[in-house]
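Got some structures for you, see below.
Here subunit A shows up in two complexes: once beside subunit B, once beside subunit C.
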Partner chain A sequence: MSEHKVFMIFQNTADAQPFISAFEQENPRATLDYQPGMVRIEGLGELGITQAVVSELAGRDVNLQELHLTLISLSGNIDEDDDYFRITRH
Partner chain B sequence: MAKKLNMRKRYELLTRGLGWEPTYQPKDKVFAQEAYEGIKITDWSKWEDPFRLTVDAYWKYQAEKDKKLYAVMDSFAQNNAHLNLADASYVNALKLFIQGVSPLEYAAHRNFARLARQLSGEGAQIACQMQSIDELRHAQTQIHTISHYNKHFHGMHDPFHMFDRVWYLSVPKSYFDDASSAGPFEFITSVSFSFEYLLTNLLFVPFMSGAAYNGDMATVTFGFSAQSDESRHMTLGLEIIKFLLEQHEDNLPIVQGWIDKHFWRAYRLLGLVAMMQDYFLPESPMSWKEGWQIYFVENAGALFNDLGRYGLQMPKYHEIATAEADHISHQIFGTFYNYIHAAAFNLGLPSEAKMNWLSEKYPDTFDKYYRPRMEMWAQMEKEGKRFFNMGLPQLCQVCQIPMCFTEIAKDDPMQVSYRVSEYEGEKFHTCSDGCKTIFDHEPEKYVNAWLPVHQIFQGNCGGAAVPDVLNWYHFHPEDGGDYVGSADEARWKAMKGEAAAEAPKTSQADAA
Partner chain C sequence: MSLNIAAKEIKPLRLNYGHIARRIGDNKPATRYQEAVYDVQPTTNFHYPPSWDPSRKLYDTARTAIVMQDWYSFTDPRQFYYTSYVAARAKQQEIMESNFELVEKRDLLQSLPAELAAQIRQVLIPLRHYEYGANMNNQDICHRGYGTTITSLASFNGFDRIGMAQYISRIALLLDGNEETSLQAAKEAWLNNPAWQGLRQAMEDSFVLDDWFEILVVQDIVMDGLLYPLIYEAFISQVAAQGGSTFLMLTQFMNEWSEENTRWTNQLLKVTASESPANAQLLAEWVRVWLARIDLALLPIAHLAFGAKGAEQLATVKAELLARLAKQGLKV
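Our next item is the complex of A and B:
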């Protein structure tokens, strides 16, 4: 796995919280940088979340494409399916 | 019972096979723009959409985004939330935004509609259609959000008219016109990759975070709402580059040339954002240089490392842009300080606290090169000798920015940088090796540039005197000049119940 940086940036809102927490929980090496109104989640080589964890955190069945509502930016190659979302570097 | 299809399969079934073979016209006539740039496409079905977003999901999420945004805008207006701003001088950033950025969103809307028609692959057509609708949404939501400020402050009354005429707005306009007048593949490389993927984070992320920091929740919301579409646009930019390079090896030098050119064009345009970031926000969460480090140096470095397997290299002159990160916001601020009587926003010298922040963020350059200049100007103002430049500046033939950049790469930051090219017996001036290289590659294009200063001298801009030109721009006398003593400052103080400032001494009318 590459050690080059990938990141996801979310609005720092209640709607984004299950996604932010899932990235934090499922990527122990990730760092979170809080700036006014937003949070940047940075990882080395890869960052990923699963539908099960996001749903558990939200307390309801979440469609991972809902991340489009609060996503601000990202960097990396996207790989997505119903049960996971991942960005990677080659 | 049939097993539920996974996302990839569902997406394929919903988005592929939507095209058809034309029967009463040959395909190369139906898609007449697809070949002349020299790009070779052998199989459009190899196109991979980065996000598997079907049209029904697209409409659902976009509607949701707009609902949230308009709820914020409504409550912002009902609560007169502009009164919660850190300071009204912040609004000047919004003025430059509505004058210089929103018209680009609209131009992008038109051009992606063009691409949806001119590219023959269905995957690319659908991505371009969605982006075209997104860009129209951005222009509309920006106009709606900023219309609230237009009720209370100056300079935001006619941005689309200004965009076509005003000297400093010819910088964003000429960049976009350059891309728009190119073929479909150059346009998408320029806007989706060089601008959106490499650089747009610098416009929307730290700047919108700055809006949050300064109490402007309406702008934060439209900014981040627009940026949520931008994630999709950036990935389109990345996809188009990978797709072109995978299709044919002959595409590599063409694509590399476009990336080099449009990186530099877009970077020069973002010099305006550098000034906004460092000088327009009363409270800044991040300097231009810090943003450049995170969003260009680290991010683009990792990206080009990925793309290296296709033979693609970092854009030409990227190391100069990085070296200039220590300088350009100060240099562009200095230029606007000299010409603020001819702008439709207000500006002022940085306070002592702001200068200390700049010293801290720019330890190698601010105290050495720029603070002494600011202090001298402050002294001159104090003595009643506020300096306005009444001459018209030499503009770069390519980026159209006044010649204010210096020889950073040659380690001579006090020497103004200019380059000269000759074409058909005439001389043409550019601001840098980056812009000169672009000119020399397509001189027949850039000799036709509509340069605001040349046009004024040729008598095409409403008259010979400054007020005539400003009137032709649809500027009002109270739109420009120093912030201190401006109509906006007086109004802000009245709204906040503070004593009004003295009568304006440095409006454009007085300066002229």
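Our next item is the complex of A and C:
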């Protein structure tokens, strides 16, 4: 079971907040673990966000590639496009 | 010797301020926007009534007939507070500055057909007085309104109008090679040309409205909702098709701004109308009265801009505005 685990780790900053909130909102079963200076978001099989949700949370048009500015680490296979970002492992 | 560096986590006792925590919960860090707007306005301990309105408190919900349980239930979808507003506008100003620079440097208005230039002088340039009036209205909303989410946004809106009035003035100066003939002719038109008097009178009547929310509806929803699509979308597109595509660049900000304005006014209407049927009815009544009046006032301007097709263009814009309002729950 644990081999299906995927995670994203972000810096816990204001810039990362829309992404963290989007992961929380769009993946109800994901767990958020607040560690010193960073947030670890873990899920089973899949974690994903969409551009529309991140933009609404940020109040502006967000380019999903901006997540790399605050991303520390991730695990999973990336599937991405202009309007969504997803990591999966099955 | 081995050195063992142990990480030690110091948990902050609290993540946000008490008044923010009461709104979003104490387990979540607040965004800058939330910190900048929520419950910033004083609500108690007003020692003296203001000398300019002694029957009410300094900040008083009774200055509008709209009733809200919580005046902070509306939040700006753009999340503008001072920093984010200034950063966004600085970026747009830079683009506009380079647009103007390019037009000036390459003399792009040189090839403009004379009749098109005359039409721009007639239709676009007098609007700097409209923007100035809109600035007064929005600063007034900021002054007498209630709820920082609304008043801060009205203040930003007022500043935007000054900026747009200046862009229009610069267009006039570009047209005239820095002579002020168009500017003066435009002022003369705003004051005396019969085509502009309906709009000017409606604008001046809106200055003296008692209810600040009504001013907001008249100015930012009805007037802007008709005038911006009519002029900056339809008219400028027509100018561009006739060889004046430079004006697309020179009015780029107004176009973007109008989209933004639509976004927050939609949200405000939706929140306010869904609060109670009484609110929805009052909003619809204001829109009904002023839409009829402004529609009539804009007709001669639509004729100046589109000739015989003026009425048709104005009707299209009006239908679009009504559809937009209906989506927010306003049956006019």
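Basically, the second predicted complex is superposed on the first by the 87 of 90 C-alpha atoms of A that agree within 3 Å, B and C clash if a C-alpha of one lies under 4 Å from a C-alpha of the other, contacts with A are read in each partner's own complex, and residues count from 1 in each chain.
Here is the rule we use: contacts are C-beta pairs under 8 Å (C-beta built on N, C-alpha and C of every residue); 3 or more make two chains touch, one makes a residue touch a chain.
Note that this is a predicted model, so its numbers are computed, not measured.
Within the superposed three-chain model, A:Arg89 lies in touch with subunit B and out of touch with subunit C [touch as defined at top]. For subunit A, the partner touching the most residues, choosing from subunit B and subunit C, is B. In the superposed pair of complexes, A:Ala14 makes contact with subunit C only, with no contact to subunit B. With both structures placed on the common chain, the touch criterion links A:Gln35 to subunit B and to subunit C.
Of the two partner chains placed around the shared chain by superposition, subunit C is the only one that A:Ala58 touches, whereas subunit B remains out of contact. By the touch criterion stated above, A:Ile78 is placed in contact with subunit B alone, subunit C being left untouched.
By the touch criterion stated above, A:His4 is placed in contact with subunit B alone, subunit C being left untouched. Residues 35-36 of subunit A contact both subunit B in one complex and subunit C in the other. Put simply, subunit A touches subunit B in their complex at residues 2, 4-7, 9, 11, 35-38, 65-66, 68-75, 77-78, 80-82, 89-90. Every residue of subunit B that touches subunit A in the complex is listed here, in rising order: 6-8, 50-53, 57, 61, 64-65, 68, 201, 204-206, 208-213, 220, 224, 227-228, 230-232, 234-235, 238, 285-286, 298-299, 301-303, 305-306, 309. Subunit C meets subunit A in the complex at residues 7, 9-10, 29, 31-33, 76-80, 84, 88.
Those residues of subunit A lying in contact with subunit C across their complex are 12, 14, 17, 35-36, 56, 58-60.
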